[in-house]
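Next up, some structures in structure tokens.
Shared between the two complexes below is subunit A, which has subunit B as its partner in the first and subunit C in the second.
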Partner chain A sequence: MAVALTPAMLGQVVVSGLLAGALYAMVALGLALIFGVMRVINIAHGPMLMLGAYTTWLLFDRFGMNPYLTLPVSAAAMFVLGALLQRTLVFRVVDAPELSSLLLTFGVSIALVNVAQLLFTSDLRSVEFLTGSIALGPIAISKSRAIACAFAAAITGLAFLFLQHTKLGKAIRATSQSREVALVCGIDVQRIHLIAFGLASALAACGGTLVAVMVAIQPEMGQIWTFKSFLVIVLGGAGNYPGALLGGLLLGLVEQLASLFLTTQLSEAVAYVLLVLALLVRPSGLLGGRQT
Partner chain B sequence: MTRVGAAVAVLLVVLAALAAYPLVGTGYGVRAMLQLFMWIALAASWNLISGLTGYVSFGHVAFFGAGAYATGILVSTAGWPWPPAALAGGVAGAALAFLIGVPCLRLKGPYFAIAMLGLNEVLRALISYFEGLTGGGNGLSLPTLQATTPVYYAMGLTALLVVALTHAVITSRFGLRLMTIREDEVAAEAMGIDTFRHKLYAFLLSAVGPGIVGGLAARDQGYIEPMSVFPLATTITMIVMVLFGGKGTVWGPVLGAVVLFVFQEAVWARFIYLHQLLFGAIIVAVVLLMPRGVLGLLQMRYRLPRTI
Partner chain C sequence: MTPRALTALLIALILVTGSLPVAAQGPIRIGASLSLTGTYAQPGRYQHEGYQLCQKDLNAKGGVLNRPVEFVVYDDQSNPATGVRLYEKLITEDKVDGVMGPYSSAISEAVANVTEKYHKVNVSPLAATTSIFRKGRKYMFMVISPAEVYLEGLIDIAAKRGLKTVAIINEDTLFPKTSAQGTAELAKKAGLQVVFTEAYPKGNQDFSALLTKLKAANADVLAAATYFDDAVAIARQMKELSVNPKMFGVTVGGDIPKFQELLKATADYIYGSSQWEASLPYPGAREFHDAYVKQFSQEPSYHSAAGYAGCMLYAEGVKKAGSLDADKVREALLALKTRTMFGDYQVDKDGFQVAHKMVLLQWQDGKRVVVWPDDLANAKPRFPTPPWNAR
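Let's turn to the complex of A and B:
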């Protein structure tokens, strides 16, 4: 399957890779936030994205809402669900051995998938809103992907501004740097955990809404997002928020590049090989240690 | 000492009864017991890595599937008899575990868990991709062979060996080191334990059983395809069985497998659509309310030895 690489193809790869990467970065930032603040890897992060996608589908299908306008609704709904999850279950395992938090969020994740199956059945759903693509010279850009990228970039940018400049954002970063010191400085760490979990779930939900317009929605769509988000934060360096951005873009590019040479079936294997390589070569991430 | 003697006597009687069962049992009964043996072997294997070291494997079904495919290919393409082919399935499981374990177990933390979470999908994709060897999405048929009774014994023996292995590990220095890693990996390292090596050995041991069991299941069913040998549900069931019975114990996985299998056959089969929800709820409840499982509770209550 040797393919002669033309400049146009390379341009296509770069553009498509960046479009996908922006989305990965946004969703992974959520996972990184929870990990940074609580040291918990939330296996239910992908299923949160799936529920966000269903929220959009429901509003689009029943009420004919513009799917992009459902973004605040699905983000708010998942913020509440995430905060609820943190308040009722996850806070109990924050200081427990990692086995507990992994298993707990895994249990939550399979329960959420089952709930989605019961509510929406396993039939494939789609939001047919924006199809077709724009031609930019020799490069074709899918409209829905371009819009998704724009939204993802804007939301991720806002999230960074929030983390960088608001008092709450600074409190979140302080908590991820050192919970004890944050506590001594008078930060209500429990509240920060709650807000971080809510925000992270809202980021996943935004991903869900944007993905809903692009691909088929089904209850098991989330798992791969947990995996890819984790891969992104490994690439960027666990607990390193800017690293998540870089990792997302890198994953998008590598996947697109691989799709030139391999069938799409193997694109998940590519992400996997990337994870294994990253763990072997640079386990502390591209940007190194923790940097918030 | 008499208590130990009595326990051994009970165990021998149970084993003798199970060995004699195919002579009197119905076809359905033998098949059900074969399934139970499979779950015992799978649950006990998961316990070897996750129960003892605390490194959660979210993709243990990958070894089951790898074993099933290794056996299936050897039997149908190379014409091997099924018993050595199933053993080769165990080797395939261990080889895969080596490939994953070396990069992922060097590091502390959740890397291993997530790597295992993704492994399943990758294997499924690879098997579909290498169609020539594996039959791809069309699956792979093994030559027809009526072998339920021999497979019953082979499966029972595998389950017995995995449980015996667990006992041997838990009562050994090796097992103590694994549990030290689980309790505090940094302290374990400070005490001079080569944690990476120990975790890797435990992981290899935990992959052999599922590989063999996968091979036996492939022989028993006579047909395998990517969706049927890599279901996430199998991993979930293993985890629930071990957590419920008591992780890190010898008999906890057996207890969990028996109880949940019976329940599943008797009650939950009618509520199949609630299955995952129920399993998710059990996982959450066990983690929060009784992290040591049923056997752990019994051990504390009746002062039973830790080696049970």
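Let's turn to the complex of A and C:
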């Protein structure tokens, strides 16, 4: 049973979509970074987000910290964990066939979820911090989602500046374009891999912190983010960093508009139809793959 | 007699009689799969604790048929296909003596085919969907009230207070779907108009577009056929999007203490339905509550109580039958009429529950109180629910 569509509803849904999309873009940028530099699809990307969310919950619940101030802590913690994972496990599959890296990161993902289950149990946790909304005419803007969007936009912006203008950022992009040439130019590729994986995990952790204030936290919350990030980077062009931004916003909008015009059930299907279409029509993504 | 002689005598006695009497044939092993992780983990774990306490209490009273009782429990990860595999394993590999039901209608429906195939009595304490028990199955037994009447109280109060329109949303799985249909029927009977319905997929966390549509439909009552995770997410996002019905009720979730722990003040005014409350005047309800709090350091939910009661009812059936034979236990459970700490139990020829009663709760100042039906209520409903920005 449906209701008549009004411009206010459309506006509300577009706002919700963009708010969600900014977050998708930030998290997916991490996945794009790992894929760009190492040609590894990191299935454990979502579970890293989940661990970031738990870090925030722990600091909020135990020490009463402002959840937004936990952002650097969870980012730093996941940077270290990510770098550690890269150094001990992931570096072994960088040049192996893609199936090996998928299997490895899938295994890591299962391990992380189970560790979280042991540490935190599967009880839902929440960070009740900012609830409610600001009214903007007929449109309600959720406080926690608006702040999450602002943070995500700022962090994504910083990440781009870093990639564009710093020496390390340029080295990452160079490695992403051609590892051999980068190596010849004297870039320590191993170190770049390590840093890229750490950075990507930190981006996921930032997503986790911001999501923690919005939805309930549980060990299996991360998987859906792996899929969404994957969808985003396929849409935007795997390994193409600005493409991740575009793909994120697009996915946010499409999901919301599909739920509005069709049903919530169909919106997931629409997102995956989009994935199939993208692979059929523009397999290199909207902005083309691997340009950086 | 010297101590050594005493010991020798004891050993001789044990040798002659076989062993200590209670352990005569080893424990009665009862198998079950439960949702210990995944979407249904919250209620599933409460049910698990109900089973654990039942095992403890049965064994403290000498077990069943002079044998101790032991649960063999696996995690089905809230997944019906996994549940099916686990019941096959429990029955064929672990060779358990009996089984108890899993959590949720969807998983109960799936595993019922397995337990029927092997002729195992399956008391399924948290299966609420009528259709599970109307398929000619012989060994299924229902403990709780059916899905269709979960929100009867919400509709009844709404109609009596003169509300006119209702919106119904549900997770698209067996129990919530049935519950939503039942609520729509009840609403029509009570003269309310259903102005909006929509289902959402299991595990959905983003309700913004759904709630935007719902807000535009501007219904007086929002009835949500939920489990736990979705009830929490919907409540939060209603506040985010300023969706303000005069009454908002959920099927599963509103009754669980964690609902308020997670949502804090956001939970206030929300109605939840419950199969059981510790405050209800059933024999042993208070004692069960106290023992549960002592054992698990948390308040029981109705899922805990139903799990406990279901396990006790199965034990009662076995005792009355005097054996574990499925057909004899079935006869005993079909004939049984009793009032337990969980309320009344009586089933029809299909094992369908006909005696148990539900209540409607409301969260008021961080506490849940019973507001319906009048004869069991311990508080008046706070009506209407004020808009979010006026609290």
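Heads up, the rule we're going with is that the second predicted complex is superposed on the first by the 280 of 292 C-alpha atoms of A that agree within 3 Å, B and C clash if a C-alpha of one lies under 4 Å from a C-alpha of the other, contacts with A are read in each partner's own complex, and residues count from 1 in each chain.
Going forward, contacts are C-beta pairs under 8 Å (C-beta built on N, C-alpha and C of every residue); 3 or more make two chains touch, one makes a residue touch a chain.
Note that the coordinates shown come from a computational prediction; the quantities given were computed from them, not determined experimentally.
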Superposition on subunit A - do subunit B and subunit C clash or fit: clash
Touching partner for A:265 - first (subunit B), second (subunit C), both, neither: both
Subunit B versus subunit C as contact partner of A:6, first or second or both or neither: second
First (subunit B), second (subunit C), both or neither touched by A:104: first
Which superposed partner A:181 touches (first subunit B, second subunit C, both, neither): neither
Which superposed partner A:142 touches (first subunit B, second subunit C, both, neither): second
Partner chain in contact with A:20 - subunit B first, subunit C second, else both or neither: second
Contacts of A:122 with subunit B and subunit C, given as first, second, both or neither: second
Partner chain(s) touched by A:161 [first = subunit B, second = subunit C, both, neither]: neither
Where subunit C runs into subunit B (options 19-27, 109-117 or 217-225): 109-117
Shared contact residues on subunit A - subunit B and subunit C: 117, 224, 263, 265, 268
In the complex, subunit C residues that touch subunit A: 36-38, 41-42, 45, 172, 194-201, 203-210, 212-213, 215-217, 228-229, 232-233, 236-237, 239-242, 258, 262-264, 266, 388-389
Touching residues on subunit A, where the partner in the complex is subunit B: 41, 43, 89, 92-93, 97-100, 102-104, 106-115, 117-118, 223-224, 226-227, 230-231, 234, 238, 263, 265-266, 268-269, 271-272, 275-276, 279-280, 283
Interface residues, subunit A side, partner subunit C - complex: 1-4, 6, 8-9, 12-13, 16, 20, 117, 122-126, 128, 131-133, 135, 140, 142-145, 214-216, 218-221, 224, 255-260, 263-265, 267-268
Residues on subunit B engaged by subunit A in the complex (per definition of touch): 50, 54-56, 58, 100, 103-104, 106-107, 109-111, 113-115, 117-119, 121-122, 125-126, 128-129, 182, 232, 236, 239, 243, 273-277, 279-284, 287-288, 291
